[in-house]
Structure formats: structure tokens, C-alpha cells
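Step one of this worksheet: look at the structure below.
Chain naming follows the written order as A, B, C and D, and within any one chain the residues start at number 1.
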Amino acid sequence: MFDSVINLVNSCFHRQYYVHSDDTVAQQIVVHKNSPRGTLFRRAGPAQKVYFDSNDVRACIVTCGGLCPGLNTVIRELVCGLYHMYGVHRVLGIEGGYRGFYSRNTIPLTPKIVNDIHKRGGTILKTSYGGHDTSKIVDSIQDRGINQVYILGGFGTQNEATLIFEEIRRRGLKVAVVGIPKTIDNDIPVIDKSIGFDTAVEEAQRAINSAHVEAESAENGIGVVKLMGRCSGFIAMYATLASRDVDCCLIPESPFYLEGPGGVLEFIERRLREQGHMVIVIAEGAGQELILPSDKSNMNRPDAASDDLFHDVGLWLSLKIKDHFARNKKMTINLKYIDPTYMIRAIPSNASDNVFCTLLAQSAVHGAMAGYTGFTVGPVNGRNCYIPFHLINEGQKRVVITDQMWARLLSSTHQPSFVNPQHNTEEAKITLLI
Amino acid sequence: MFDSVINLVNSCFHRQYYVHSDDTVAQQIVVHKNSPRGTLFRRAGPAQKVYFDSNDVRACIVTCGGLCPGLNTVIRELVCGLYHMYGVHRVLGIEGGYRGFYSRNTIPLTPKIVNDIHKRGGTILKTSYGGHDTSKIVDSIQDRGINQVYILGGFGTQNEATLIFEEIRRRGLKVAVVGIPKTIDNDIPVIDKSIGFDTAVEEAQRAINSAHVEAESAENGIGVVKLMGRCSGFIAMYATLASRDVDCCLIPESPFYLEGPGGVLEFIERRLREQGHMVIVIAEGAGQELILPSDKSNMNRPDAASDDLFHDVGLWLSLKIKDHFARNKKMTINLKYIDPTYMIRAIPSNASDNVFCTLLAQSAVHGAMAGYTGFTVGPVNGRNCYIPFHLINEGQKRVVITDQMWARLLSSTHQPSFVNPQHNTEEAKITLLI
Amino acid sequence: MFDSVINLVNSCFHRQYYVHSDDTVAQQIVVHKNSPRGTLFRRAGPAQKVYFDSNDVRACIVTCGGLCPGLNTVIRELVCGLYHMYGVHRVLGIEGGYRGFYSRNTIPLTPKIVNDIHKRGGTILKTSYGGHDTSKIVDSIQDRGINQVYILGGFGTQNEATLIFEEIRRRGLKVAVVGIPKTIDNDIPVIDKSIGFDTAVEEAQRAINSAHVEAESAENGIGVVKLMGRCSGFIAMYATLASRDVDCCLIPESPFYLEGPGGVLEFIERRLREQGHMVIVIAEGAGQELILPSDKSNMNRPDAASDDLFHDVGLWLSLKIKDHFARNKKMTINLKYIDPTYMIRAIPSNASDNVFCTLLAQSAVHGAMAGYTGFTVGPVNGRNCYIPFHLINEGQKRVVITDQMWARLLSSTHQPSFVNPQHNTEEAKITLLI
Amino acid sequence: MFDSVINLVNSCFHRQYYVHSDDTVAQQIVVHKNSPRGTLFRRAGPAQKVYFDSNDVRACIVTCGGLCPGLNTVIRELVCGLYHMYGVHRVLGIEGGYRGFYSRNTIPLTPKIVNDIHKRGGTILKTSYGGHDTSKIVDSIQDRGINQVYILGGFGTQNEATLIFEEIRRRGLKVAVVGIPKTIDNDIPVIDKSIGFDTAVEEAQRAINSAHVEAESAENGIGVVKLMGRCSGFIAMYATLASRDVDCCLIPESPFYLEGPGGVLEFIERRLREQGHMVIVIAEGAGQELILPSDKSNMNRPDAASDDLFHDVGLWLSLKIKDHFARNKKMTINLKYIDPTYMIRAIPSNASDNVFCTLLAQSAVHGAMAGYTGFTVGPVNGRNCYIPFHLINEGQKRVVITDQMWARLLSSTHQPSFVNPQHNTEEAKITLLI
């Protein structure tokens, strides 16, 4: 069809690297005899049949929501992938998130401009929360003649991308809308992991190490580290598993209570008696239901921004622990609270995330160039796939608790499960059957 | 059966985390309609039925071959996993590789002793090449009453583990023999990746960055970095993809030639003319067939040790490039050669590898405690499985070239494929059919 | 005198390395014609005449106050210096600060025990604030037969060391009391710098970098970083000079005001208009006089501990900035506040501090072995000296403002001096005279 | 005189920060009663009387010789210092070392262009060895109307700067020639230290750590690390002192011999017997006199470049050690040789060096603007001074051996001094007199 493009693509890809149009990836990989394979996803990769003529392509890239490591790498690889793999030379950067579509000028992006940006944290396109206005955005897309839209963002952003996709369809425009999952929380449904996750877990080690040193250097030292994760405790769980210095990991998926027998405070007391110090990692979304309105007045943190719905649970827990030991007078404790959030999310992506971002960006480009639209690109069982928006939006956020990993974590920290006695009994009953 | 064990296990694992005995992982994940699933591997995890009574278990751990990041983490987690998950208190360290079985005393390993070792590179058990003597080793196992043998090593080591496994069967001993794949080259068949690989790719960035800075700061500067990889170029390829500063990546799986049109030297000349500097990454096993005996006299490196069969291809390539430009007098070059091998393999594992090593060690322990033997533990499509030794030994070493990744790399470095003209033509022909 | 010691010392030090007993270091190094040299300090180093017989020495080490990088290195080098340079084999660790003298058992310290501790942050001896009880401490020293006391601590700790020194003199005991200056604030009088300072400045770069990335990635992004420094802004100033990304540095020695013309808020507004983002570094002791009681209720931080007198000025400033822009409605800002305190002070010392700590510890040992007492060891104009306690205690805390460096910083950040208009006029007048 | 400049300067510097024109720094700081102060050096800093009108200034910057950390920081701060402190807007970069003056176009340098370069290693101006042609260079300076020349380079470069300075004087040009000492070896006379040194010592720790891990993980493991230092062993010595893992440090200033009693090989054997492994650090200039022509054929290293006069002593030592143990058959050793040279010198400068580079560059600018010429700027006893070229050129290169530090190192590694027996006896005799 478009010979020039095809030749260019061919110079990059040997024939065997084309993805067959019926290549799919099975969601269900752990199988029993004759068990179903679950949903099959279209595998990402260069297609033999290219939909767009590269001379006609006008792509744009936008980053929305909070920072996470790897945004610049994805931007770089989208630009370079379009340029070098398909000869697309017109790529625009939308500045400052969704509202940049209608309130700002665009920035031309070339391989030269983006050449070194992957070595810096943040996003050269700036980002913001909110600002989504479907019709203004689609107006801008239409007015500027954009026919490929790459949207980097988390769960909310992907939802809003759907609105853009639907409005574009309604207007009958030939515009590919592609989502690239960006959330450090790693809670996007269907896909294995999102960008920046590995880097975040790595960098979290610094905070945990510091908490551990502070705790060890004091009498009854307690180090509390708050890590990202509102609905899911992936970072907290992986950082705990990687560190081996954590005594207690609290996540949103696994409810806990503070007071009384079997509660967190009792466990802290016991652990301090046993080893003289301890480290607690808490995900930001953990225990939100326990924070009373009266607690909140003490926690007027200045950087709430878009984070108003979430109270600083690390601060809350720290106060609760201090109060408890001040009241009980049983032991004097030394608690240090560390919130490394901004120091984690602002660093450049590490090597592993750089490779991941590269493949994701290239997959996104292949998908759009092949004429697919309304999909998010992401790894399913280790292979990048095109996932229709609705499967992301309708899916449940990924959580830790369904995962074998949580059991591994419990066996690693030797923390109790902080669940109610009834539940415990039920478990006990089950195990007696064996 | 063994109630004490079962109770201990139950306190660690909720019922739902037991692996069903018919849980398998399909090797074939990219599927077409009704396509076969390939080999199915038994999924690793805690079994409901435990074979060993923990009071009777006497486990031993041995590390063989060269260093790679993560050995100490695996040792730590084997010891802690046996102790905390199953109550096994008698774990012995075999010192200095296979020959330690018969020529050295064992070292008792406890959670306290191994508590912090994951923060250090190398192996606290020391390691060595060779020294395998099946009957002496099995004598030692028998004499010491050992009934679980954990062997960390690469392809060769896993082969030798099979000999131990078979001799043990021949003697009718009830001893679990478990292999844990350790090769920084990442070339072990069947499994997704081996321990230390992520860390190695990360650390390789330092060498590549330095080569890039040296190259950029000189006129016609060339930075050459040699990375590990004898049969496969995984580290070289991933490090190149992660860096984006590499202009040419040479690996064992993709033959190349130096002189003449389409050769590496011509490409170097062109790239220098275009951008004034360049970075070359070469895997240690690349181009071995091109090294003539006469070249070798120039490369008497002191640290050959067990590496006698491999000539320092980075040194060889550097000399060839220097000779070429000295001879042609077309341009004066400034070449800097960096061999970061020991600086990469001796560092502690990063967070991602720490999690990987933990899960691998726990899987190994679950497998042995369940009574499985003669298997290597490793991830298949992202899930840890028990892989019978023979599938590892008979499998072909993993290579890069079958992977889509190599195409991605070529499109990222824009290097030619350095293959012969015929091959090129053939490709061209095919693409015309589209 | 003590031949065995002398021989041991001789085997370590060539004759020329002895410090002459009348070697002194001049405090005044910038000199005019015939200007006085200021105080002369006795140079530290091995003396030809050793006071103690090493067989009789019973040394002890104690760490007091907050953490700073390098404590473990000093402990290690005191132990190794005493052992290897003088053959002293009996060194005790006092655990948990001053109160450890009378409320805890001592820990024997040997070269083997301390061999690797310099690679870890914190202090293996644990530390605490307060707990000083002169007579109980000297009782303990006397009862245990200790005759060398090495005290690591900051300004307060050195003051208390004087009390111990005087009580010991009053009792007529032959005990050397040696202070080793430990304060990350770097505010100890007379000496050039204290341990851990270089490491702290290095590590502070991470926080500043993150603040910079966050600020750059948002519209009107402001990154606020609080760094250590109660009476002096050394860390803030050096970290700012090292980074070059900081737009405004606020320190205790240089008063400022927020509102009105020439104030900090006006400057922030201007800088945001000019470049769209900015980074502010504030030392913890800056602007304390501006914090009103009504502000304090908002800042109930959990980790106040011994820090009760200081309010979190970073939090306060962040709230003030947010309030200002919320009120004025001129621009929407995005402020991120980072407090890296514990992540900085808990890391291991870097190479430069390791060398510094080694020389300091060796100097301390030489001084005590030569029979000196009642002194703090520290660098004066780059040479380690013995400084009598009273010169430290009576000296004024070191401050930044007398230093040329502050002028350099102002010329580097281009921030105004935030002083009152009168002062500005006066300056202008003077310069007209030139 | 030039009011505009003065006002600008005044806005930067409070009155008290001007350097008095008779401020000097005494070279001799360790003093005895009435001892002479040695040479007095003019203290660097802003002068009250500015020589150049900033509108007339045309400055240029050139980097010569090998890389070291901090070059880009100095370039940045020269440009920003001239611009912000004095309003000088015309600064040219000379590309590729001395030969760039006559064979290349110049590059305009502005604060915007250099804003982020301090975060990258190397030099954005590129560098080269040689190429010095006094009259061509001065022709170029004259033709381009340059009146301030900033030359970054080591001992040789500073010598050549003198030739330029003298030719300029001969021609009667009003051109300030300023040297900025750049040598990672730290061997420039008079000054305390040169840029990049701290960073180099820090980065060398990685190589030493790796050598230590490799040595510890093998039977009779020996790790050999070669570090920079041709005439002086500063990096080797400081890296050894910082690490505490080094058993033997060999430097140019302290001769040694391999074979026989008291030789290095005997020491290695002893240390291996004692502790089973060891780490050796060798400076590149150590033992050059021991390398026989016959050894050299084995050491044809590809990256000799300008380094032809120096043979790879690390490689040579490694071969000698391997030969020795292969011959003696007393023990099997495992030797790993690490040459981290390029990985050290190509990294960005750390915080401490960034501050140092900033002050040095600002001092250089103040000196030139005040009308001084023919000087090198550098720290003497911790204060930056203007040092006339001839005192640098006629001075002896700085060496380690006159320093107390070497004694400290010997007492830290417990290595013998490897000197001949006569010398030892002489020492013994002297110490008996005490």
C-alpha cells in the first residue's frame, strides 16, 4: 500500500519478526488439564500491513497525572520509534497534561530534542491532574490535524482516554488513540506491570535502609516508611521482599487494626522486646478507614494537592504508635518517620525500566501504525499486547492479596495477618482437614 | 503426615496459596487458534503434602562457577525458607564449589549467620570451577546424612548435578537434588532468566556511560565495552537497549565480519564521519571464530583462569580497529577499551534480583520439601516451575537471535546486520511480495 | 619508657613522621604584613614519648546525640588504631550514649568485631540524647578502671565531656578524656569541619534533584527541601553551591521576611514568572523567629523527639507559600515538600569522610597515648590539632555568614539578600565611594 | 573606573567580601616559635578595583590532556561567573585542546548552553593531548581579539600556558592568561589538590570493593586494582585509606621489589596464608623501573594512546604474581585484575568537587577581571590563591612520601615498607636513642 513505509519497516525488521495477525497471548497461563485459556489478547509488534502513510502522520504525546520514572524514556522512544521505524517526522508534545490540548502551544518533538531525556526524571512535557474536557480536546485534535494520540497516564487517565476515543469515533475521525499505562502503584487491570515500578522498588530500598539504620542505632528504635500505593500495596510488598529488613508491611488489601490482642501495636511491642528495634513499611492507601476525623486535624500536610482524599497514613500511624507507648509507659521508643515519595517518583528510570519503556513505546507505535485504536499497550504474561480500553476500564484494579506473593511476604516478615479471630479460626479449621 | 510441619506451613500459607498438584505452566504462550500449548511444567509453590519431616532434614548448599549478583541472597533465602517455613534447622554450607564436598569441612548455616549477607556481592560459601567427582561427592552426601542438596550453578554445573542425581538414584538414597540456575549470561534453556541478570544490565550502564563520555570528549572517539555472554548476547543486547548511547552491538548469535563493504570497520568509519564519536558493545563470545592464532599472542591477559578457551575479543577488536585506522590514515581515532566484567559480577543484587532470588529459593525449598528431586527451579513465562534436569541438559542454550528483541535492537542502534549480501537479497525479495 | 610500645610505634612510623612537640598550627592563615598568627594549636600526630603502657590501657568509646555518617568509621579506627599502632587490646563500647555508662553492660570491641562496620550507617554502639550524669559516669569510669575515654558528639556532648574531664581531675584520676566532634551541622567552633559533612552534602543532592524534577514537571512547580542546620546553614549552603539547581537558599544566619516588597514571597513570584518553576532550600534553623504559635498547631510532626524546640520550618514555609498563592489567586502553584533528614544522616560515610574519620581517630589515639587530656581533636586549617575543651566551649558556634562562601552563594542563586531597605541603602552608599 | 561593572559586582558582593589587596596566604602553616611563614600567596577573591570593562572582555576557555571529573563544572562556572558577576557576555569555547585554537571554529558559550553540563562527565569542549604551537595559538588569540584565556590542564599544559603568557607579553598584548589545574593525579606543585580528585577516590571504591568480593569468594583469591598516578600515588593512597579492604598499596614514590625476603611476593604469600585472600592497589607509575623489555611484549594494550611511555604495571604485576605461584606450586591462586581508569575519570564530579570547581572558577574570573595574568589558581592551605606560573613550573611535583599520610597508610594496611635491609637497620638504630 504505502511502499515507502513498507520499505523502511523492512529495513528494520527481518521477515520473521512480523507479528502474525492472529498471534494472541493467553491470559490464563497456569493451566489444568483442558482448562480454558481465558481471554486472548492480540500480541503487539510490527504488522505486515501498515495503515498510515508516514507522510500523513501527525502524532501527539501527552503525559497526565503524577510523576513516575520512565515517562521521558517513553516519550523518547515514541518519537524515535515513529521517526526511525516508520519515517514519521511530525510529532507534537502537548504540554502540561490534558489541559495543554486547548490552553497551550504544542512543542515539536524530534529525535535530536529527545535524545538525552531518558537520563532525566520527570517529564519534559510537564504534567497535571485533571483538566480533561473531551470536546475541547477532540476539537484541538481535529483542528491540528492530529491522527495519532499517545496518552501516558494512570487508571483515571485511561478512562478519560476512552472518552476521547469515543468522541473521535462519533465524529468519524481516522485517529488512533493509544494509552500507555503509567502508574507507579502498578494497579492497572490486566497488564503485568506499569512503567517505573522496578525503579520505584529499587529506590525505596534507600528509605528502608535509612529507617533500619535509625531504628538499629536507638533504644527501641522504630523506623516507619510510607510508600506509594492507594488501592494496592505492590511497591510496599516488593520493597519489603527485596529488603529483608522490614518487620511489618501494611497494605490496603489486607485490613488491620491497631489496638488489642492480635493488633499492630501489640505486635510492635513484641517485636521490640525480641530484637530491640523494628521497621514498618506502610502503603499510602492502607488503613484509611481507620483514620478518624479527629486525627485529621493533626495532619495538615502542605503537599496534598490532588491528594486531598488521602490522609498521610504514615504520619497517622506514627502518632498512634507514639501515643500508645507514651500512654502505656512500658517502654520509651524512638520513632523516625520517612516519606520518600517525591524522592522515588522523580528519579530517572533504571536499566530494566528503560528496556521496558522502549518495548512499550515501540509496541504502541506498531499498533497505531497498523491502524489499531482505542487500546492500551501493556505486557500480559510477559508479552506486550493491545488491550481494548473497555477491558482496562471495566477490569478491577490489580491487588496484591490475590497473589501468592503476599503469602511469601508474610513468611518473610513473620508478621501476623492482623485479621479478626473468626477468620483465624476458619483457617485453622480448614487446615485440620488435611 | 508430619503434623508439626504441616502446622508450621499452615501458619505461613493461607489455604488458597497451596499449589494444586495439577497446576502447570504452559511453555507456549503466544498462541494461534487451537495451537498446542507446548510442554507443561509443574508450577512451583507450597504443596499440601510434605514429604520430609523437618526434624530429619539435613540440607546442604553449594555454589559453583563464576560469580554473579544474587548468590548470597539465594543462600540466605534457602536457609531462612527452610528454617521459617518448614522448621528445618540443619543446613550446611559446602565451601569452595563441588570439591568442597570432599576436601573441606562444612559450615553450619543459620538465619542469624546469613541475615545480612544479601547486602554483599560474591558468595560467602566461596566458589570454584571444576572439582566435580561424582562418586566422592555422593559418598560425602551419604556419609554426612544429607538428604537435600541445593546446587547453584550454570549450564555445566547443572549437567554435573544430573550426574549426582543419577548416582543417588542408583544407590537408592532418599535425597532431593535441586538445581538453581546461576549464570549471568542468561543462556540456560527453558527458563525466562537467571539470577543476577537485571543487576548486571543495570551495572553495565556505568561502563557504557563512561565509554560514551570518553568517546564524546575526543576527536573521533571510540568507546569499546566488552560485556559478559559466551554463547548468547543477552547482557550486551539488554544493556544496549537500556542505554540508547550504543551505536553498534556485536553478539555471538549474529555473525559479523570486519573488512570490506558491509563490514564492521566500514560502519565505524561511516558513523564517525556522521557523528564524530561512537560506542561499541561486544559480548565476550562474539566473533571468536574470527580471532586468528597470530592475534592471540598479543592478548596474553593475566586473568584468563578458567577462561582459557575464550580470547579477549574486546581487546582483539580494539587492536583491529586501531590497526585499520593507522593503516588507512584517513582519520585519527581515539579508542578507549573498557572491560567491566569483574566490577559487574561482584556487586550485590539489586531490589529486582533480590525479589527474584527470594522467590526462586522459596520455590526450591517447596519443591524439595514436597519430595521432588532432579529438577531445576526457574521461571517459565513468569511463573516459577520445577523443570526436570534432562529438559535443561538436552535443551539448546538460549540465544538472542530467535527473539524479537534483536530486531528491536537493530532498529534502535541503526546498525546494519553485517550479514552477507545473498542474505540481504533474499530479504528484499520477500518484502516485495507484500 | 615503655619499650614495647615504642618498638611497636616505631615499626609503624618512620622517624620523620613523629610530630615535634613544639609543632603548632596557626589559626590565622590569611595574613597581612606582620599580622599576628592568632592562636596556635598543638598539631596532632604520633609523639616520641608515649605516656601510657599499652598493657595498662583500658579505653572506652561512647556515641551521643543524633546520627551522622562516619560514626562507625571513627569507632573502627579508634579500635584498630589502639590495637595496631599501640598494642592496646582492651577497648570497651559504651552502649546507648552517656546513660550507657551506668545503665548498661559494656561491649568489648576488637579489630575483628569492627572490621566491616564502616560500610554501615548509624552507630553500632547506639546513641541517645541526654542521660548525662557526671558523677555516675565518672564512678563508672573509675569502677571499671577505664583510663581513656573517647566521646563522639556535638556541641552539647563536648560541653558535657568537659564536666567529666573536670570531675576526673578533681578526683585525681589518670584518665585521658578526648572529644571527637560529631555534628552534621558543622557548627563546632575552631575546627574546619566535622565528620559526615561531605557525605551529607553529597546525599542532599538527591533531594534537591528530586525537588528540581518535580518543580520542572509541573506548572509553577515549587520544590522545597529542608536540610539540617540549626544555628548554621553549612549543609544548605554547600548543597546549594554543589547543585546549581537551587533558586533560593534560606539559612539561620541570614534573616529574611516573607511578606511585602523585597520579601521571599515576592521573590518566589518573580522567579516563577521568569522561569516557570523554582527550588528552595531551607536550613532547619532558618526563620524560627517567624513561626507564630498559631502556625505551630498545624505542624504536629511525629518525629520531634529531642527536637521539640525546633518547629518544622520546611512545612511552615510550604504552608505559607501555599496560603499566599491561594489568597492572591494570581497563579496556581504546585508545591512539593521534601524532608530528607533521616535519609541523609543514616547513610554510610563516603570515601572522603572515611579518610577524614580515619585521620581524626588516629589523631585522637595519638593524643591520648601521649598523655594529653581534656581536648577535642579536629582540623584547623587542614591539619588535625588538639584543641582544649574550653576553646570549643567558649567559642562561638561557626556560622556561614562571616564566610566569603555566602557571597558566592548569592552570586550563584541570584537571590536577593532579603534584608531591610536601610541596609541596602547603606551598601549602595559605600560602593559609590569607590 | 568602569561603573557598570562595579555596580554589578556590588550587587553580588557585600562590601566586607572584597579581598584586601594585601591579603596573603602563608604556605607554611605548621609553625614553630618564630619560624618563617614561607612563601606568601595572594588570596583569590573579588577585587575592589576591576581592570577590564566587561563590555570589552572576550574570554576563551580550552581543556587539554586527559579527562577528569569536574571539567564541565569549571567550564560552566567560568561562563556563569563572567556573565552574572561581571556582565561579560562573550565567552568562546576552544574545541579539542590546544590545537583547536588554530584548526577549529570556536563555540559561543552562554549560561543557557552550559546550564546542565555539570551533571555530565567529560568535557563539552572535547580535549586532546599535544597540539601546542605557541605562535599559532597567540596569533589566534590576537586575531580573534581574545583578552582572557582560561586554560584547564595538568602539569604539561600549565607549562605550555607559560609559553603563551610569555609570547603575549613579548607582543605587548593586554591579555590575561589563567591556568586552572586539572590532573586527577593530584601532583601539581604548591596547591593542595586539583579538581576531580575527591570524585576519583570515591569512584575507586567500587573497583576496590569488587576486587575484594572476587578475592573473598575464591580460594587464595587476589584482587589487583590499578589506579591513576604516574609520579605520585595520591589516588591509590587515599582510596586505600578510605576502603580499609586493601592489604597492599604500591605507589611510585615508595620503591619496592618483588622477589626474595622482604619482597612483595613474599608478603603476598604470607597474607594469603593468614587470611586466605588479599587486595592489592597499585598506582600506574609504581614499579615502572622494574618492568623489563621482555615483559613488555606481553602487554600490548590497545588504549595506550598518549600513554606510550607507561606500561600497564597492573597487568605486569598480575602476570608476575601468577608466574610466581605457578612456578612455586605452593598454592593455587585466583587472581582478578581490574583497571577502572576510564570508568573513574569519565564520571561527573561529586558534590564536594562541584563546590571546589565552582570556587576555583570564580577565583579565576576574579583574578583575570582584576587584571592579574600568568597565574594558576588553586588552594593553598585551604584558601584559593593566585600562584605565578613559574612557581608551579619550577616546583617539584607533589609526592605522597613526604606526607604523614603514607605512615598512616602503612599502619592501616600493615604492609611492610619493602625497602632494603640497610635502611631498616638505620631506622632501628635511631629509635633506640629515644
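Just so we're on the same page, contacts are C-beta pairs under 8 Å (C-beta built on N, C-alpha and C of every residue); 3 or more make two chains touch, one makes a residue touch a chain.
Because the structure is a prediction, the values reported are computed rather than measured.
Engineer: Name, by label, each chain that touches both members of the pair chain A and chain D.
Structural biologist: B, C
Engineer: Quick one: point me to the chain whose Cα centre is farthest from that of chain A.
Structural biologist: The most distant chain relative to chain A turns out to be D.
Engineer: Roughly how far is chain A from chain B, centre to centre by C-alpha average, rounded to an integer in Å?
Structural biologist: 28
Engineer: Express in whole angstrom the distance between the two chain centres, defined as the mean CA positions of chain B and chain D.
Structural biologist: 40
Engineer: Can you work out the whole-Å distance between the CA centroids of chain B and chain C?
Structural biologist: 45
Engineer: Enumerate the residues of chain A that touch no fewer than two other chains.
Structural biologist: none
Engineer: Tell me the shape of the graph of touching chains, choosing from line, ring, star, complete and other.
Structural biologist: Contact map by chain: ring.
Engineer: Quick one: which chain pairs are touching?
Structural biologist: Every touching chain pair, ordered by label, is A-B, A-C, B-D, C-D.
Engineer: For chain C, which residues are in contact with chain A within the complex?
Structural biologist: 67, 96, 120-123, 126-128, 206-207, 209-211, 213-214, 216-219, 223, 298-303, 305, 315, 318-319, 322, 334-340, 342-343, 346-347
Engineer: Hey, which residues of chain C end up touching chain D in the complex?
Structural biologist: 6-7, 10, 12-15, 17, 20, 22-26, 29-33, 37, 40, 43, 45-46, 48-49, 76, 80-81, 84-85, 115, 118, 192, 198, 201-202, 204-205, 238-239, 241-244, 350-352, 354-355, 358-359, 362, 381-383, 404-405, 407-408, 410-412, 414, 417, 427-428, 430-431, 434
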